[in-house]
Amino acid sequence: MSEAVRFDDVGIVQGGRTILSQVALRIADGAFVGVLGGNGAGKTTLMRAILGLVPVTGRISLFGRPATRGNPLVGYMPQRRAPLAARLSGRTLVAAALDGQRWGIALPSAQASREVDRVLEQVGAQALAARKLDELSGGERQRLLLAQTLLGDPKLLLLDEPLISLDPKRQAEMVALVRDVQQARGIAVLFSAHELNPLLGALDQVLYLGNGQAALGSVDAVITSESLSRLYAAPIEVVRSNGRIFVMSDTRIA
Amino acid sequence: MSEAVRFDDVGIVQGGRTILSQVALRIADGAFVGVLGGNGAGKTTLMRAILGLVPVTGRISLFGRPATRGNPLVGYMPQRRAPLAARLSGRTLVAAALDGQRWGIALPSAQASREVDRVLEQVGAQALAARKLDELSGGERQRLLLAQTLLGDPKLLLLDEPLISLDPKRQAEMVALVRDVQQARGIAVLFSAHELNPLLGALDQVLYLGNGQAALGSVDAVITSESLSRLYAAPIEVVRSNGRIFVMSDTRIA
Amino acid sequence: ARTTASAAIGIVAAENVYGDLAQRLGGQHVRVTSILSNPDQDPHLFEVSPSIARALSGADIVVANGIGYDPWMQGLLAASASPDRSVLVVAALAGRRDGDNPHLWYDPAVIPVYARALSAELARRDPADAAFYAGRLRDTLSAIAPVAQRAAQMRARYAGVPVTATEPVFGEMARAIGLAMRNERFQRAVMNDTEPAASDVAAMETDLRRHRVRLLITNSQASDSAAQRLAEVAARAGVPTVGVTETEPSGRDYTAWMLGELDAVAAALDTKAPAL
Amino acid sequence: MLTGLFSYGFMINAFLAAMAVALVAGPVGYVLVLRQQSFAGHALSHVGFTGATGAVLLGLPPLWGLVAVTLLAGLAMGLLGERVAGRDVAIGLVLAGALGLGLLFLHFFTAYAAQATALLFGNVFGVDRATLLTLAGLGALTLAGLAAIARPLLFASLQPELAEARGVRLRLVSVLFLGLVALATAGCAQIVGVLLVFTLMVGPAATAQRLSPRLGVGVALSAGLALSEAWGGIVCAYATDWPASFWITTLSGAGYLLSFLPGLPGPRRERPPRRPGPGPLPAPSGGSSS
Amino acid sequence: MLTGLFSYGFMINAFLAAMAVALVAGPVGYVLVLRQQSFAGHALSHVGFTGATGAVLLGLPPLWGLVAVTLLAGLAMGLLGERVAGRDVAIGLVLAGALGLGLLFLHFFTAYAAQATALLFGNVFGVDRATLLTLAGLGALTLAGLAAIARPLLFASLQPELAEARGVRLRLVSVLFLGLVALATAGCAQIVGVLLVFTLMVGPAATAQRLSPRLGVGVALSAGLALSEAWGGIVCAYATDWPASFWITTLSGAGYLLSFLPGLPGPRRERPPRRPGPGPLPAPSGGSSS
């Protein structure tokens, strides 16, 4: 089965409003997919639907099985992040997510400790883990959150705007980190962002949302001035130079 | 006096750490200045210093007078925004900032009402003002916050990352809005952002922070691959095409 | 509602002990309402209902205990000022001051003072029936006389005998009998709903264990675990326990209530302490 | 059943006292709820106990001690817990500390303590004219204080960062406000009881904030609801002879729950505006890759 | 002074009771403070009063009513106020409602109510063996319950959005936890008083969270601090003859304040890592424009 995510005629209605309708799409296993769309287009809602947190019509399948809540194959970094308990260590935060959904108490175990070490290492955050959360920079915290998504060997990562409030260097680092993990472990990634440029080099495909619809396309097909301008309903320019793509909205026309 | 902001040998130490040292700069009245710098470079601290909220050594002057707290010539949009009281109307929020620092009670007055109407109109938010804050999108809320900064005819706006979590279209709209207000009223603007592209078309100058230093430069001088790469300590490419500039960090090297 | 009873003198008593005596002294010429038949209601949350406030505002005579036992009475009286109302504060009649034991009705000398004062007040208000009130007063005084007599008898026999109690409810009567009451600080702490000090608990236990007291008096309406524990200590040490009640039990008059408790105390003091 | 509602002096006093309390509790509570400081309001109503016992111990009028210590605790909470994080811990510790001290004072009591503790637990049917005047005076003082700090208080509550930048002294405002809450609580509690003050502060304010997004309307609504719930409670108490506090609490809770009814303004549901839609999306070209 | 500390049965019982309470209050309080729910903890201790009164009215043992109503209120708070915004209003209204109901029960009271009133200040020197057993049983039950929900509880407290996505039922966990708090409070309060339970829940937990960033260490520290403060308070009470609750409150407050001392781990100051600096900035070229 090479399909990570499959939507068959999916519709989502929330608060009496249709967010998405008649969505059909297939995301291949191991693909790095950028999720684009204006504010309120439904990026977060789509991810929450994949997680089984939002009632949908139609069918969403993950790796051939119906999507359900608490699927261990999915790692998730939510967009809206509650203020973190500032005085706890990064390690405590990451460890809390390890089997956090299971009843009972988490007794210290060598195996659990190894698993936490493993994901911390994967994002290069071993040194951060001992420090208190309120001593970490935003970028460092985001790296810990990424580590959490890797617990328990997921086959699909849903990352909702992980670049927010990062500077260009940290944005690039975050994208590179996700890309490395994705390739090393051959997992599929859905990565939403308003900032296309740092992502473009890493993307296999683009999932673009707007006007209640969602469609998948290749980077070359979607990242064009014409299609992006239509997507965001604003003039957006795409420039290709030296094999690189730049996206920029035109501030002079407004 | 054509200087909006002037720093003479300014140093800022917080929590025992030197954030900025020996900063000297002059921002001309009416200039649109982009404030750049990596996470933790001190963008927010610099703005708070201009507002008189942070103890400094040296001297900061605004329009020829020493910077003090509560200067009515300065409008401010903070970066960290406390969760807004969701059930109140946008108009209530904006009106609360009108002379909000003065003791006493704000009795309904035609003059106050006109002033609120004026700033709402300037950002095109008259229609939003009657709605509850929790019914507004992030971009709409940000527009109300911008309206607040315009209360009482400031001559200097400090906008700390007003583009955060906006989609490209809204980013462009926000920049255009600020630019329009700035030009119509001839005021100076300090506008911080991690996202350079939406800003580039609007900027008169760039204030770039890093390594405890701050320096002002023209767009042409600062926005070059070399200087940005040094600023962010990461490979950043700047491409000029059709008289437009594109900035992009290189994700392939990381 | 002022048709049949229009002639009757309205009396509101804060506590039912005083109310019952008032009924006895005034007979058919009075209409009595007692506010607290249960003074141990949480004073924190005690709230007077409108009907009581109504009764109070129409009352001719109001009886209160005073010295902090019914502090809400002041406010209630002030709230419905009435120029022609007399207020009898028993503590004032008996010359007690703040800080004295507020369980005044356990003092056999106080009740006659109250009875005389109330009777005089009734006669003042209703001179036509003065003879009736005088007769009622005589009857009442002789009906309650056995309490003082019994206390005096017991004084002859038990004066100086050391006893203790979990609460100061019985304190005035113990004084009348001449019992040597110990552990008064402990009792005060329990009365005030606060925590007895460790040394007071220790002294209490030592008294019980070493038979330094001949009797433990408890409040039988209160069954908190601390009191239960002391009763157990007493039982183990062979010190007898007598329960008394703070309010007049329904269905008993003052004399029967007091005599019953005095008998129980006497019986307990007469039991021979077992050898340790 | 309701004949004679106004024929008794104590009933008239009860209505007047309830009005004085409601008109203070409504606006003060509005800000309390807006700032999410209900716990502080509740805790302050306990703290008076320490002041009253301490004052009695020193031979001072208990009301002085009550007002003084409540004010002090309000200030302490404001100073300790200005930041929202950890604010509830600051309140909890001030509360525990004050009660512990009260317990110590009680320990030194030689008299029956009802005198001190009764002060905390007022009685709406036992309000006399002099108390009514005190109440009105304290209430006027509190409202005047609230009016004096209204603008910076509201600004600091809605947007602390911005208010600070505009010259509002957050800590001062926070401390002054808690002082006012303390004053209102201390003044009202001894007349109508701790329970009632708290109920009248939180219930109507929360309801008002659900019903109107406008500040002035909300504050007026809060005061109006508090007043009508207080008066309604007194009428119900008169009719049923059940305690007024119970009725007022019930009405206040019912009012809040009613504000969730669908027909009313302000349902929880978010109604984001449908933005002018973009044109049709480009047809997917490329399908699934890799 | 301290001779004979263990020569009285009541002292031994006091130490044991304090231990049972502290070992429950420490861990439960740790989560309570982590979730910023001190107000809920405090409110639940009031609510027990209503339950006790109601049970007595129905002729049931007060402890049953206490536990039942407190559990119910914990559930109501959990259900009403799962979202942080408005949570304090939900607690406040449940609290007010429960107290109002308690007042109504009292109104119908004919029997003795002291069992319900003595709640605020318990009596740690008056614990008998049977009570000790009840206390130990309730404590064990609470700790077992806490252990049973520990993992999802912690996860939901730290990262609710993520926990929900991973299949944790937030509302269920929240309600179960408040039920446990209710159980702990109800069990302990009637033996050692509301004040003590609250103090031992909030003080040591807040101190522990300042002292260690690690969860296991923090919970152990919280329990250890609670135990040593409780025992220390009893010893001080024995030595000075002042109330134990006063001493325990004082020690708990002092412990928290001491944790702010500079030498200790976890000063408030933020120490962001100095990132490897970029090279020297390009020299400003262009000066001030326009």
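Order as written gives the chain letters A, B, C, D and E; numbering starts at 1 within each chain.
Keep in mind that, in the parts below, contacts are C-beta pairs under 8 Å (C-beta built on N, C-alpha and C of every residue); 3 or more make two chains touch, one makes a residue touch a chain.
It should be emphasised that the depicted structure is a prediction, and the values quoted were computed from it without experimental measurement.
**Q** By mean C-alpha position, what chain is farthest away from chain B?
**A** In terms of C-alpha centroids, the chain at the greatest distance from chain B is C.
**Q** Among the chains here, which has the CA centroid at the largest distance from chain A's centroid?
**A** Here the answer is chain C, farthest from chain A.
**Q** Can you give the whole-Å distance between the Cα centres of chain A and chain E?
**A** The mean C-alpha positions of chain A and chain E differ by 38 Å.
**Q** For chain D versus chain E, what separation do you get between their C-alpha means, in angstrom?
**A** One centre to the other, that is 24 Å.
**Q** Calculate how many whole Å lie between the centre of chain C and the centre of chain E, each centre taken as the average of the chain's C-alpha atoms.
**A** 40
**Q** Residue numbers in chain D touching 2 or more other chains?
**A** Answer for chain D, listing residues that touch two or more other chains: 85, 103, 106-107, 195, 242-243, 245, 270-272, 275.
**Q** Which residues of chain B are in contact with two or more other chains?
**A** Each of 38, 40, 137, 232-233 in chain B touches at least two other chains.
**Q** Could you pull out the residues of chain C that touch at least 2 other chains?
**A** Touching at least two other chains: 43-47, 49, 193-195, 197.
**Q** In their shared complex, at which residues does chain B touch chain D?
**A** By the definition above, chain B touches chain D via 48, 51, 53, 69-71, 74, 76-78, 80-82, 84-85, 87-89, 91-93, 95-97, 99-106, 108, 130-137, 140, 148.
**Q** What does chain B use to touch chain A in their complex?
**A** Residues of chain B touching chain A: 37-41, 137-139, 161, 164-173, 175-177, 179, 194-202, 228, 232-234, 236-237, 239, 241-242, 244, 246-252, 254.
**Q** Can you list the chain C residues touching chain D in their complex?
**A** 43-54, 56-57, 67-72, 75-81, 98-100, 102, 188-189, 191-195, 197
**Q** Using the touch definition from the top, list the residues of chain C that touch chain E in their complex.
**A** 37-38, 40-47, 49, 193-202, 205, 221-230, 232-233
**Q** Enumerate the contact residues on chain D facing chain B in the complex.
**A** Counting only chain D, the residues touching chain B are 34, 147-152, 154-155, 157-168, 209-210, 213-216, 218, 266, 270-273, 275.
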